[in-house]
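Below: a set of structures, written as structure tokens.
In what follows, chain A forms one complex with chain B and a second complex with chain C.
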Partner chain A sequence: MILPVFLWSDLLIYTLIASVGLFLWQLRKNPQAKKRWSGVFASKVGMASFIVILFYILISLLDSLHYREPLPQLNGVEQQEVAYSSEVKSVLDIVLSPLHSSNESTYSAPFALHSFAKENMTDTNGAIYRDFPRLKNAGSHLTDVRERSWDILWRSVLAILLGILIAAVPIAAHKYYRNKIAQGTADHSGSDAVPWNVAYSTVLIISVIGCWVLSLSEFYHILGTDKVGSDVLYQSIKAIRTGVLIGTLATLVTLPLAIILGISAGYFKGWVDDVVQYTYTTLSSIPGILLIAASVLLIDVYIETHAEQFNLTTLRSDFKFLALCAILGLTSWTGLCRMLRAETLKVSQLDYVQAAHAFGVSHRRVIGKHILPNVTHLILIAIVLDFSMFVLAEAVLSYIGVGVDPDMHSWGNMINAARSELSRDPVVWWSVSAAFILMFTLVLAANLFSDEVRNAFDPNTAKGDS
Partner chain B sequence: MITSQTVLSVHNLQVSAGSNPLVKGISFEIKQGEIFALVGESGSGKSLTSLSIMRLLPEVLKITAGEVVFGQQKIFELTETQMNSVRGKKIAMIFQEPQTSLNPVQTVGVQLQEVLKLHQNINATDLQTKLISLLEEVGIPEPEARLKWYPHQLSGGQKQRIMIAMALACEPELLVADEPTTALDVTIQRQILDLLNDLRKTRNLSVLLITHDMGVVAEMADTVAVMQRGEILEQADCNTFFANPQHEYSKRLINSLPKADDFIGVNDNESLLEVNDLKVWFAKKKGILQRTVGHTKAVDGVSFKVNKGETLAIVGESGSGKTTMGKAILRLNPVHAGSIKFKGKELSGLSHSQFLPHRRDIQVIFQDPFSSMNPRMSVREIIEEGMVSLKVEANAKKREEIMCALLTRVGLEPEHLDRYPHEFSGGQRQRIAIARALAVKPELIICDEPTSALDVSIRGQVLELLNELQQETGVSLLFITHDLSIVPHLAHRVAVMKDGVIVEQGTTEQVMTAPAHEYTQALLKAVPALYTS
Partner chain C sequence: MLAYIIRRFLYAIPILIGVNILTFALFFMVNTPDQMARVQLGDKHITQQDINNWKAQRGYDKPLFINAEKQGLETLTQTIFFDKSIKLLAFDFGKSDEGRSIGGDIQERMWPSLAVQVPTFIIGILVNICFALIIVMFRASLFEFSALTFCVMLLSISAVFYILGGQFLFAKLWNLVPISGYLGGADALRFLILPIIIGVMAGIGAGTRMYRTIFIEEASRDYIRTARAKGVSELNLLFKHLLPNGMIPVLTGVVVVIPQLFMGSLLMESFFGIPGLGSYTLDAIQAQDFAVVRAMVFLGSVLYIIGLLLTDISYTLVDPRVKLS
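Presenting the complex of A and B:
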């Protein structure tokens, strides 16, 4: 039996998903919010970027189900307790198992059959010569090196066909379901607004790329290998969880601080406002990097002195990761707080808030019913913008060495390693490119999505009513 | 004075947004030296007409048919560059909102110069004298010094004068004035109207005056055209129009003007609200420790009384402190000194929670029907809020019954409960606001300019509704307004406020017919009245 491992970040991310689900459930009752959200999804860009984000989230969720495998029992020895491997795996590792297990000895270029560095080798005659050795795993099924191009082409065609087939099933099912609904109800104006064709093609593209990557990576290192010979593709996919989690968790830390402090400063004014303002002015005048670096060092010391709590490397890096999320969040709430304070100042002077006061409505209800719903657009826009900001921040922090644990796969760590790789001749470009492409796709999707959210929710740009 | 020469003629002008026609083929002519009034309520297409003449329509709107001939030129056939020389030089425009029409970071002089330089070859020494003479013409004191002022240093009326000076700078033949006085106080409005009239005479200028105010029309216009839903219903000489309006809608517009001599009798009920020497001062604070260094005296010692079932109108111009005072009675503004007695009980010293039971008795209706309702709440939630928080009715089913009855009473449908405010027009929203106030069965409603954001005909309906409700429920109204013309058939008594003090109060008849204070006299004189008897 396997032993499930619950990391704190896993629990947090699943709680978050559950609460988002609950939020959506609640949303069904509110026709206005529903209309706004359907406005987001009615745009092609919004739909496509949402599906891309969803794909990333799906990968990171798969990567957040951790377990430990039992060690094989020693021959003939009857053991009372099952010993577990100290390596913590996730469900995603099962999918990516061919990648994870096919390590080389050092750098190799994408689709290469030979190593990137020359080695001393002994030929059949026993003479020592220097050449690029064949890779252990990549292309080991080929009998002749010249077959490689055909092999790649053939396998690509197969993979793409498979990808289309896999995507076609859910798309066809969904289309059938839609037709059925449309027949049931005479009016199908609502469903027409959603650009399903864009959704289908996005799913199709993702599925084709996914299939191609998975099936080819079984035989080749399609993004090459790194210094110690492990697959770069595997690393960059594993880094998705780090990126997505740091984006969501750090944003989650900023929200309550920004919302509570910002709204109470703008609503109660007076000394509350003074305190909040002094706090965020002080905080934002300290360089964020300095605070983060200092806190990361503190956490390192804590881990060193409490080594018994962190008996697995994964536990240690997870703790460090969460601490990093918290620190990032704690240092970046000031922007949203300032905006919320200003907006609350404005909203609380409006007549409907005055009318609520005249009805003797309590402060809590005024904030909950009148202020908060009318500043939600700021919060939503900030969530999506902050998300991409934190993904990038992680890369920067890891690059300067105060980011996530070096044991944890992250784009920042990959970019950090690329410092020396890029100065080699010939250049080792694939590691940094892989990190860049995956990070770029996520951040671009998040930014495009935030644009659409802003268009739909910002009263200044929203179509129709205020 | 009026020559028969036509300055501008509009033939069958049509403007549409997509397939939706907004101006449906209107034709009119403006003669030299004439004031042509285009009258209509909001959404009737009168501003679109003026923008099409200037070719300044927003891009989504298209001129689909018709032509505009200015002098000998067909405006729609000109190129954009040619049009630029017509705009400003031949046809000039002044807008409703002088606050936003001037650039706040440039001095008045620089902005005036810009217009002159653009359209006229003029050297630097002449420029200065020209600027000064322009400002003198529009009645700005110390023109030389004012040229160096920034817009925020000028009052609203002065800004509108500057706008007029800018419009006149290039000696246009036609002046398009789009609601030039709507944003201004009555006394200032009077001055601006007089100025326009003088300029028309001295310069033999034609004016296209766009307005919704029949009083202004009666006083200013030579010819009147009434617009409704993109069509001109009636076009006539001003005197003939008012003497014998042809169209039903024109009659309604004229009748919506309250008669000035129709007063309500005063009753002698017991007093409900007594305000004595009320002061609302706002502290001016300075320094790190926020020391109080002085006070802004928004309301400085006012005393008045509202009887049961009676309406007291508080009249004053903007900045006179009337709204501040209303909010102070509601405890939305802090009271500095003085007493507020409601049914003999002192309210001013009460704490927040002690005041809570009285919130039921005193309610409020605000000026702007668009900001007085939370856009994210349904009508049901809006009306219910007060009933729940003031514990008027605990039973949800009974609450629903009350709400339905209220909506029907104010002239809406019970089905409207689950709609959102943005689905209603301004007048309907104001009805919802009235229903909201009535839901808690108050004894006094403070109406803070409830009709000033509404169209004339709607204004009449809302006032009528308030009158009826007062007769049915015996509720007292404290009616805050800047519009003296609606006072006579609405209020039993009037108090005139200026600079935070009440300068005169008495029965409506007394104040309106024999004003004692000179400010009241000035106010009354400034009201553009239909029946100047």
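Presenting the complex of A and C:
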């Protein structure tokens, strides 16, 4: 039996996803919000970027189901207690198991059959010579090195066909379902607004790339290996969880602070406003990166002095990771807070709010019913913008040495290693390129999506919204 | 005006005190000097005596707030809080954990930082404004759409990649400039040109988009419509009418960062080996030299507050309708 491990970050991300689901379920009843959201998904860019983000979130959710495997029992000895391996694995590792187990001794280029560095080897006569050794886990099925290109080619063709096939099934099913609904209602006006073809092609592209990567990575290191010979593809996929979680959890920390303080400052005015303004001016006057660095150093000291609480490396890095999210959140709520305060000041002067006061409606109800719905667009835009900001910040922080634990897979740690790799000759370019591509795709999707959310929700830019 | 400035200065004092208390709490109460000493000296085989010596050398052996052993005013002044925090308010930064004068270091390292930051800042603004104007000129066209998409792509790339890519292309592949390092005097130009180019590049995405929004908003004003109705040519409209008015929000928006140019850029300076304040801070973080970090936190917040003040003043200078009171 395996032993499930619940890390705090796993629990948090699943609670978060559940509450977002619940929130969206509630939103169904609100026609105005529904219209706004359908505006986001009516645009091709919004749809495509949403699916890409969803794909990233899916991977990080898979990577957030952790367990420990039991160690193999010793022969013939009946053990009372099962000992568990100290390595914490996730469900994603099962999918990626061929990658995880295929270690080399050092650097190797993408699709290479030979190692990057020369080693001493003995030939059949016993003489020692220096050459590039064959990799243990790349192309070992090939009898002749020259077959490689053909092998890659026909495997790619097969994988792409398989990818198309896998994507075609749900797409066809969805299309059939849509046609059926359209026939039933005989009303074509609403359903055409969503660019389903864009959604289909995005799913198709993701499926084809996924299939190609998975099937080829069984035989080659398609993104090469790093200094200690572990697969770069595996590292960069594992880093997705770190990136997505740091974006979502840190944003989650900023929200309650910014919303509660911002709205109460704008609504109650007086001394509450003074205190809130003082707090955020003080906080934002401290250079953000220094505050983060100082806090992370303190967390390091805490971990060092309380080492007994963290018996597993994974527990330690998870604690540090959560602390980092909290610190990032605590230092970056001021921008949203300032905006919410200004907007609340404006909204609370409006006639219907004054009318609500005259009717003796309680503060709580006025804020909940009249103020909050009118500032939601600011919050939504900030959520999506903050997300991409935090993903980018992780890379910089890891470079400075105050980011996530070095044991944790993250794009920042990969980039950090790139500094020495790029100065080698020949250049080791694959590790940093892998981090770049995966990070760029996520941040670009988030930025494009945030633009669409802004277009749909911001009253200043909303077009054709009568 | 003068009364306003004085009042703003007075308003800055509680903020600086707040910053001071916050950093003091972070550095001395959450993380006691004992723990600091333990980390600095390394974990193994250290005795309480070693820790006490380390603390005494750096003046961390006093009580936090109240020194009961001393008489009179000294009960308050002979404490860590007074020594390490209150003195910052008088810009007395004290000594780093290595024993060097922090104030002297800052004065020395300020110049390389400025040498990178000021040109980056000025060229960056000019380039961004040019791009934004070009985009506004061709608004509602395929060009605008592709240019904006390109901007989103540029701003989705982490600054680290710009630096790594730039170093790789310009310095390693094409051998145009040295990869990193710094020399004083005229030689500095060779070392500065790449950081400046990369700094400008990294800011284009976000900057152009922001200025475009400002200019587009300006373009929907009545005076622009009137000018166009009178038959002013598009180019004249852009440069003689839109640009001067659009510069008001642009300038007042950037004033707040001008004082912070002193602080240097952490990433740039450490990648290019420029001995400025950014790399100074980074080294301090990595060596856990909290005295330097505290000084830089304080300096940063002072500069930020000066920036806020300059922003307010610049509003009155460029827009006579705004009155400070």
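Keep this in mind: the second predicted complex is superposed on the first by the 463 of 466 C-alpha atoms of A that agree within 3 Å, B and C clash if a C-alpha of one lies under 4 Å from a C-alpha of the other, contacts with A are read in each partner's own complex, and residues count from 1 in each chain.
One rule holds for everything that comes next: a residue touches a chain if its C-beta (ideal position, glycine included) is under 8 Å from a C-beta of that chain, and two chains touch if they have at least 3 such contacts.
The model shown is predicted, which means the values in this text are computed figures rather than measured ones.
Using the contact criterion defined above for the overlaid structures, shared-chain residue A:291 touches chain C, although it does not reach chain B. Once chain A of one complex is fitted onto chain A of the other, the partner contacts of A:395 are limited to chain C, with no touch recorded for chain B. In the superposed pair of complexes, A:143 makes contact with neither chain B nor chain C. The wider contact with chain A, measured as residues touched, comes from C rather than the other of chain B and chain C. By the touch criterion defined above, A:120 reaches neither chain B nor chain C. When the shared chain is aligned, chain C comes close enough to touch A:304, but chain B does not.
Looking at the shared chain after the overlay, A:361 reaches chain B, while chain C stays out of its contact range. The contact surfaces that chain B and chain C form on chain A in the two complexes do not overlap at any residue.
Interface residues of chain C, counted against chain A in their complex, comprise 14-15, 18-19, 22-23, 26-27, 30-31, 35-36, 38-39, 43, 152-153, 155-161, 164, 167-168, 172, 179, 260, 263, 266-267, 270-271, 281-282, 285-286, 288, 290, 293, 296-297, 300-301, 304-305, 308. Contact residues of chain A toward chain B in the complex are 31-32, 350-352, 354-362, 365, 369-370, 373-374, 464-466.
The touching residues of chain A, when paired with chain C in their complex, are 278, 281-282, 284-287, 289-291, 293-295, 297-298, 300-301, 304-305, 388, 392, 395-396, 399-402, 415, 418-419, 422-423, 427, 432, 436, 439-440, 443-444, 447-448, 451.
Of all the residues in chain B, the ones that touch chain A in their complex are 327, 330, 332, 356, 359-360, 362-364, 366-368, 370-377, 381, 385-386, 389-390, 420, 422, 433, 436, 440.
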